[in-house]
Structure formats: C-alpha cells, structure tokens
Amino acid sequence: MAVKTYIIQIHCPDQKGLIAGTTQLLAAAGANIIDLTQHTAKDIHSFFLRAVFEMDSDNIGSLRDQIALYAEKFQLTWELHDTTHVARLAIFVSKTDHCLYDLLLKQRDGYLNCEFSCIIGNHTDLESVSRAFGIPFYYVDSKQDKALQNERFNEIISETKTEMLVLARYMQILSPDFVNAYKNQIINIHHGFLPAFKGAKPYHQAWYRGVKIIGATAHFATEDLDQGPIICQNIQHVPETADIEQLVQLGKDIEKKTLSQAVKLWLDRRIFVEQNRTFIL
Amino acid sequence: MAVKTYIIQIHCPDQKGLIAGTTQLLAAAGANIIDLTQHTAKDIHSFFLRAVFEMDSDNIGSLRDQIALYAEKFQLTWELHDTTHVARLAIFVSKTDHCLYDLLLKQRDGYLNCEFSCIIGNHTDLESVSRAFGIPFYYVDSKQDKALQNERFNEIISETKTEMLVLARYMQILSPDFVNAYKNQIINIHHGFLPAFKGAKPYHQAWYRGVKIIGATAHFATEDLDQGPIICQNIQHVPETADIEQLVQLGKDIEKKTLSQAVKLWLDRRIFVEQNRTFIL
Amino acid sequence: MAVKTYIIQIHCPDQKGLIAGTTQLLAAAGANIIDLTQHTAKDIHSFFLRAVFEMDSDNIGSLRDQIALYAEKFQLTWELHDTTHVARLAIFVSKTDHCLYDLLLKQRDGYLNCEFSCIIGNHTDLESVSRAFGIPFYYVDSKQDKALQNERFNEIISETKTEMLVLARYMQILSPDFVNAYKNQIINIHHGFLPAFKGAKPYHQAWYRGVKIIGATAHFATEDLDQGPIICQNIQHVPETADIEQLVQLGKDIEKKTLSQAVKLWLDRRIFVEQNRTFIL
Amino acid sequence: MAVKTYIIQIHCPDQKGLIAGTTQLLAAAGANIIDLTQHTAKDIHSFFLRAVFEMDSDNIGSLRDQIALYAEKFQLTWELHDTTHVARLAIFVSKTDHCLYDLLLKQRDGYLNCEFSCIIGNHTDLESVSRAFGIPFYYVDSKQDKALQNERFNEIISETKTEMLVLARYMQILSPDFVNAYKNQIINIHHGFLPAFKGAKPYHQAWYRGVKIIGATAHFATEDLDQGPIICQNIQHVPETADIEQLVQLGKDIEKKTLSQAVKLWLDRRIFVEQNRTFIL
C-alpha cells in the first residue's frame, strides 16, 4: 500500500447536491480530502469543483470507475491527476529571454513542479540558455511551410513526451489546425492587457491610445489571435513621461511574472475552461 | 415549511476527515450545500470551514443539536447563521466623515446587507449626516471618565439592539475592559499600513520615514492599540512630491474602501480569528 | 501690490532652448518659479511645460503680453491661470449617487478646490442630495429632442457661470455638436478599462470575456463614444468567484476615485492634450 | 568639439529663485536643457533639482567652476555626471539567485546601463552564474573576522574599479565601519515592507502577524539594520490560503523587481537623500 495525493477537477451544469455527492463518493472510497474548493458561476449556471485528497493508490482504479459512473449520471466533465506525476512542458521561444529565464529559474527553484522537455526556437539565439540549463533545444525554421513546421512540432512533442506547450514570447502565429489539435494545451503570454491591444506591437498601440496602465495577459491559444480564455493578468501604472521603449521595458517584468503564474496554475490543476473564459479555483 | 439559507463557520485543530464529516452531517440533515470553502493553515495546524447551505427551517433546530454533538467530539468552534437575519451595527465617529458616508451609502445601495442601529459621536459634527440618513445619533462626551462612557455605550448598545461596533475614524482609545467585553466585535480602521506606523499621526510617521507606499488597515480592536487581528489592508503608491497633507488626503480613499470591505467580510461571515490573525474564506 | 500664484501651461512642437527661454522670460518679469515640470514626448516630438510661479499681480498683464509674443515666435499653445480664481463645475447625473457623493464630499473637504455651480439630472432621484449640499438642481428630460436638451444645457451653463462639465455616471450620450462645442471641457467616467469594453454594460462585457482585472477610465468626452483622451485609470483585481453583480459593486469604488482624481488633475492645471491622448505633468 | 549629455543634481535648503538661477547659469554656459525636474519638500524646507542637458564637452570644466561658485553662495550640495561614463557596480550574493539573475539579464538587455565589475559571494553557489555572464567572482568567507573581510572587500573594490555596491540577497550583516565608509553607496534589498518586519525572517514575521499584503524594500544600507533611506518599494496582495513557504516564493518576484528598479534609479541619477529619506526625481 502506498498513500498518494490526487487532484480531481469536476465541471458541469449547476445542479443540487453536487458537493455532498462528490464528498460522499470520495469518503466512501477511503479518500481523505485535504483541500476542496468549489464555485458556482450563476451567470452561466456552471459548477466547478477541485479537491485534493490522499488515498491508497491500490484503490484509485476502483475510485476512477465509480467517478465515471457518477459523471455519466450528472453530466460531469472530470479529470483525475496523480500529483506524483511530473508534467513535461515544451517552451517555444524566439529571441527575447526574460520569460524563458523566469520559467527556467522558477522550475529549478522548485516553484514550478514540472520538467521542461525541450525548448523550440525559430531562432537559435537562446540555444545557449537551453544548454546551460541542460534542456534539449530544437530549431524549427518559421519561414518554411506551416504544414512542415507543424509536422516537426508534432515529432518533437512526441519524441520528448511533451504534455503541454508554453509560448514564452514566441513571435509567430501558430496555424489553426495546430492550435485546435492542442486545445487548452498551449499557454501564451500576450504583452498587452487583453481584450485591448490584440495583435502586433501592443505597447505601441497602448502608448498612442494614451492608456495610463499597461498589462500582460496569459491565455490559452485558440484559432482567433489573442482571443482565447484568459488565465491571469497583471498590470503596471505607466509613468506619464514613459516613451514606447520604456513601456516595452516595464512590460517585461509583468510578462514574465504573468506567464510563470499561469504555468503554476496549470500545474496545480486549478484552471477550468467554460465558454471561452477560465475559472481558477 | 420554509427553505432558508444558512452559513456555518467551523474552526478547529487540523485532523483528518473534517470535510467529509461535515458535508455528510449536512447532507444527512437534508441540507443542500451551495458554497463551501475550507482551508488548513498548516503552519499552525488549524482548520477552517465555511459552508452556505439551504434547508427547511423547521429542521434547523435538530441540525444544530447534531452539530453540537459533532463539535464536542472533534473540538470544533462553530457558529451557525440564519442569512435572513439583518445584523445591527453601531458606528462610532468623531469629526471626519469619509468613512461614515462610505458605510451609509454602501448600506443604502444594498452592498452592505445590514442596518445601522445608531451613530455614536464624541463630537456633534456628524449629527446632521445621521439625521439625513434617518439613523439615531448619540453624543457621548469623551472627556468624561472612561467608566461613565462605557456605561453609556453599553446602554446605547442595549437600547438599539446593536450586535457589532464599527469605529469609523473614531479618534479615541477605548478602555481595555470595554474592548475585552466586545472581543472580535469591534472593527477599527487604522490609517496606516500595520504593523508599521501604529498609534497617532501615521501619515506623519510614514512621510518622515520616507515610505513609498501608504496603506490602511481594518482590524479587530484589542487591548493593545492597533495590534488586533488584521481583517484587510489596501495600499497606494505615494507620488514622490507628496507632502504630509497630500498623504492624508490620498489615504482617505484607501481608508473608506478598506473599512467598508471589512464590514462586508464580517457580514458575509467570512472572518475566522486564530492566534491574533484572521483567515478570510 | 498683491503677490499672487499663477500657473502657466505651455505646449508645442519640440525645439531646443524652450526651458531656458521660458524660465528667463518669467525671471525677467519678476516671477519666482516655485514649481516647474516639463516633458518631451519624443515619440511625437511634442514639448509640455507647467510652471507655478508667484508674482505681483500688477505686472501680470505685461507678462501676458510678453508670453504672447514669445508664443507666436515658437508656435506655443499656452494658458495662464490665476490660482485665486475658483472654477465653477456642473455635474451631470442620472440615478447612481456614488460618484456624485465622492465629488461633493471631496469638494467640501477642501481636496477639490472648486465650486459646483449646479447639478443637472435626467432623473430627479438625486435632487435631494443636491439640496443637502446647497447646490441648484436642474432636471432636463433626456427623452426630448437632443437640440432642445442642448439649448437647455447651454442656458443652465450660462446662467450658472459654469466653466467645466463633469459627467458623474450620466447614462446618456451627448450629441456630437454639444460635445464638440465643449472640447476638452467635459470629463466623463467610463466604468470600464478603456479601450476595452467601450459602450454599454462594460461589466457584463468584462465578465463574459473573463478578464481578471476590471478598471475605470476618466476621459474627455469626444464625438466618438468612449474614445476621447484618457485622463486617468485605476484597476482592481477581480475575485475568481465574482459574478457580474459583484463586478458592478466592486467597480464603484474605482469609478468614484478615478473621476475625482481626474477633476483634481484638471483643477490643478496638470492636463495637456495632444493627438487624442493626455500628458499629465 | 563633442556634444555630450550631462546630468546635474542640486540639493539645498529651500530659497527663492533657485530654478531661474540654475537655468540661467546653464543657458549662459551654452547648455541645452532637455529635461528638468524639481521638487520642494515643504515639510522639511528642502529643494531638489535634477536637470539633463547637452553641451560641448570642451566647456564642461568652466561650467563646473561656475557651478562651484554658485553652490557656495546658495549652500548647494551638487553632483555633475557625464552620461557617457559607464558606472561599475559590484554585486554581493549568498546562495539565492533570483535577484542576481534579474540584474544580470536587465544589464545585458540594456535596461541597466552599467557594468558589473565583480560578484562577491560568501558561498560559491553562484560562481557558475558569474562565469556564464563573464563576470569575475570572488569568494569571501563570512565566518572570518569582520576586519579581515572588510580589508578583502576594499581590495576587490579597488582592483575592480567598483563605484557602487548592490546587495542582492546577501545574507550577512556588514560591519558599521564598512557601511559608514560607503555611505549612500550600498543598495540593499530587504524582503519585507519596511519599516515593518525588520531583521531576520520577515516573511515569517508577516505571516504570524497576519498581514494581507507583503512587500520588498530597496534602501541604502546604514549602520542601523534595515533603517536606511528607502529607495523604492513594491507590494503584493497575499492569498488568504498562503503559507509561509508560499509567501517566500511570492516575495521573490517583488524583491528582484524592486532591487533592479532601485539600481536603475541610481544609474539615472534620480535619487536624493535628505534626513534619512530619499526623494526620487
């Protein structure tokens, strides 16, 4: 017998008795719930529950079966995660290194409990950083045909046993079919306070619009550029005297913090997606 | 039969099975849990749970008995609140009106679901505001003996059926025996970012110390001045050119927001106190 | 002889020697500069200068003439303000009172150094607040023809010697010709973080888009709805569990703070407008 | 002839005519002022001025002489900086790397316009980081006698032509005579919101005190531990469920941002120190 810690995420249309039902199911299976959060988004009649529990790993298979039955009855979407599993993430980069370093250092520091399976770049500028951290680097030319690129991405993802993709200021637009194939599996950092300033050069847009606050937004990539579900956002008041270049510099601190925060939320299995928005429990 | 909404707060030394135990107790009594939050503060081995549930009010008495038994077994501290009960709060004031207005307007606007039973002032400056909002005003001279003041406070509290006291920039120190008699029942707003700048003239202290951020702190009053459990805090970056007078002005927005927020948290039964700090669920 | 304090605002295409030139002009006229701020927005080659100075009011006429000559030579846009003049502002309201109260209380408290010449409402709900603060209230029906409304507005503005208009959650769209007639003289508070969430029901838009931060924006009204120059903005992180109604409530604190802040900046003659954005010195 | 950009910092008891006097002095010497900020701290009757100007470097010597005369007359404290000079800073470290990396990356990125002359560690853990960035690393044992340490520090500082010291989470207390010898030349990052939580383990202190916001403070080191002039501060709201370990992690983002920001302010010659506080222009 080995006691392990698991996380369950449940998500469904709102209905009575879900908390009691779920906790009873877990208790009956011998699970000891150590953390439970739940939320009903009444504006869209949706229910979300995240529970952390410990139990004998010999019994997890039978619990999984019981949950499946319960899920069918109440139309639940659910996921069950073994917390001893260390997720493998790929990082996509171009030339800028601030987000990349922040991820690498926070992983090494133990804050991000994951492994980085590889770094994929459309430039080779950051290959030496990859090497310094002992992570395989793959150069994939972004000027070649998208279909060829996607094929190469898929090969690398498969070879490196990658489960999740993180775009750390990767300055390329991924093709719709690639993005759709990895739904809610690609976290992007946008250097603007979405939904304002979508697309290119958001700091330029922000400066000319004269906003007094800039921000960064981590979101899941979808087919529609910068319109996927927002995971987290942070902002910074702008000094009145700041020029565009200073906005770009100021923004970097927000970008790196926000992207690392989003990755942490994903690793902790706190993100639920419903109707193109997230709920973080 | 009338279905009502209740809130239960549970608080005890950490031990296994508390979430399952509590949810089963509620489910067995026919309660429909609509919101549940719980937290284990592992640094002090304490467990906190807040649940909102609906049930037939005819059965609440028997549920209460069951909880009492359960509580004894597991050393729980608990409170059960009927949400149809409208709490009655007294506001203590001196001469400044910003916190008072914020409370009165947010109550009238429905944000603060309570009644203000009375306004007690050691000056009569704000009597007209009381009148405009139809709330009885009591002048209690703060220059008289503390024992006499306390007697008068107790009379007013009793006459006006007051359950909770809010010090809205009341510029007097309440006597230890009064404060102790109303443990965790007096919310004070301190115009400084505690634990820094306790006591008098916190903005002066802040300016001379050269801090770059000022704050306000809502806390439960205790015998030790400005050292009671902190309920909530907010801050504001200080312009470099601000003089002391400007700090005082800037601070007012933070003070009123923070005090109203603390009252809201109390009304929503979200505050737990343990070891001179709060946990807000 | 009476020494008075003046504020000069200068604004022009960037060129060498402007600071020295201006300070020499003032010094030569016997002015004692007590505060000077200047900024060059190099991205648009614009120069802004604000100086506060004291001088004998007998000589201000001749200084004015000299500045006019200097301004012609260097293509300066300029304004010279006597700080002993108390500006008269009209407040436009509908039914919500939080912004109105914040303005009235901050004026009475001395933070906003102005007079409120009148309150104009398209509902009579806030007439009693006007009366309590001793300010004339005018009801102007917003269902009547826009031209008739504008005529009435102009009459009131003229009768009450109003210099500036403040829209304190006035839920009507002013007609283009009215807005154009009062260019940079109408401050509006938008209950959203512009440029996102323009137009109606910004909190609904924000909730459904799933943003993690809400904001409010004070701006000058222009013909294009919610697209005028932004004066100031503030934000608030949104609790994950907040529903739309809670966003609306949370937003009120930001709205009132932001509108009062914008009025203060205008009164202090700190706002410069160039290319549909502001620079605040 | 070579036109260079200079920064002058002036600082003195408040008196009339200082702005006009200074701008005339500069104009007369042929300087073109491109940026000027000034502030009078009326609470302590102090005047501060910072001006950026361009002029022929052949004439800077004679301007320097004129300023010296002017300074004597009006009791000015002043500094004149040639912006083409690249300052050399030493970084002191122990084992934690987040502040170190932030400094190194922001320097390489051009945000911090300086050179790091050396990294001094009381552990060798970060020697490899030094090497990766091509900066000499010196190990100085912190268990040896303070006098010996100071001697070694002075040698290294002298050998490496170091002008400024940055303590990037250096977990040792420097001796009073060393600190006094480098007055306003040592920037320290304290991982707490000073003046609260001075000394060791500030996050532990913060957690047990139950504050709702944590912060970091960059300040000049003085003989009194964590009581020197504050340069800048940043904060972060604390999730209610955060344990001490999480506070430590959350704090790192604030610490590194705040330290880099302080170094940037110093490099831009924006910091003035008066009466144990700073004024940043």
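Structural remarks
First chain written, first letter: the chains are A, B, C and D, and each begins at residue 1.
Just so we're on the same page, a residue touches a chain if its C-beta (ideal position, glycine included) is under 8 Å from a C-beta of that chain, and two chains touch if they have at least 3 such contacts.
None of these values were measured; they are calculated from a predicted model.
Number of steps on the shortest path from subunit B to subunit D, with steps defined by chain touch: 1. Distance from the centre of subunit D peaks at B, each centre being the average of the chain's Cα atoms.
Averaged C-alpha coordinates give centres for subunit B and subunit C that are 37 Å from one another.
Taking each chain's centre as the mean of its C-alpha atoms, subunit A lies 41 Å from subunit C.
Residue positions of subunit B touching 2 or more other chains: 39. Here subunit D touches subunit A in the complex through residues 97-98, 101, 105, 109, 111, 132, 249, 252-253, 257, going by the rule given at the top. Residues 16-17, 19-20, 23-24, 26-27, 31-40, 237 of subunit C are the ones touching subunit D in the complex.
Remark: subunit D residues 39, 41-43, 193-197, 207-213, 215, 229-230, 232-235, 240-241, 243-244, 275-281 touch subunit B in the complex.
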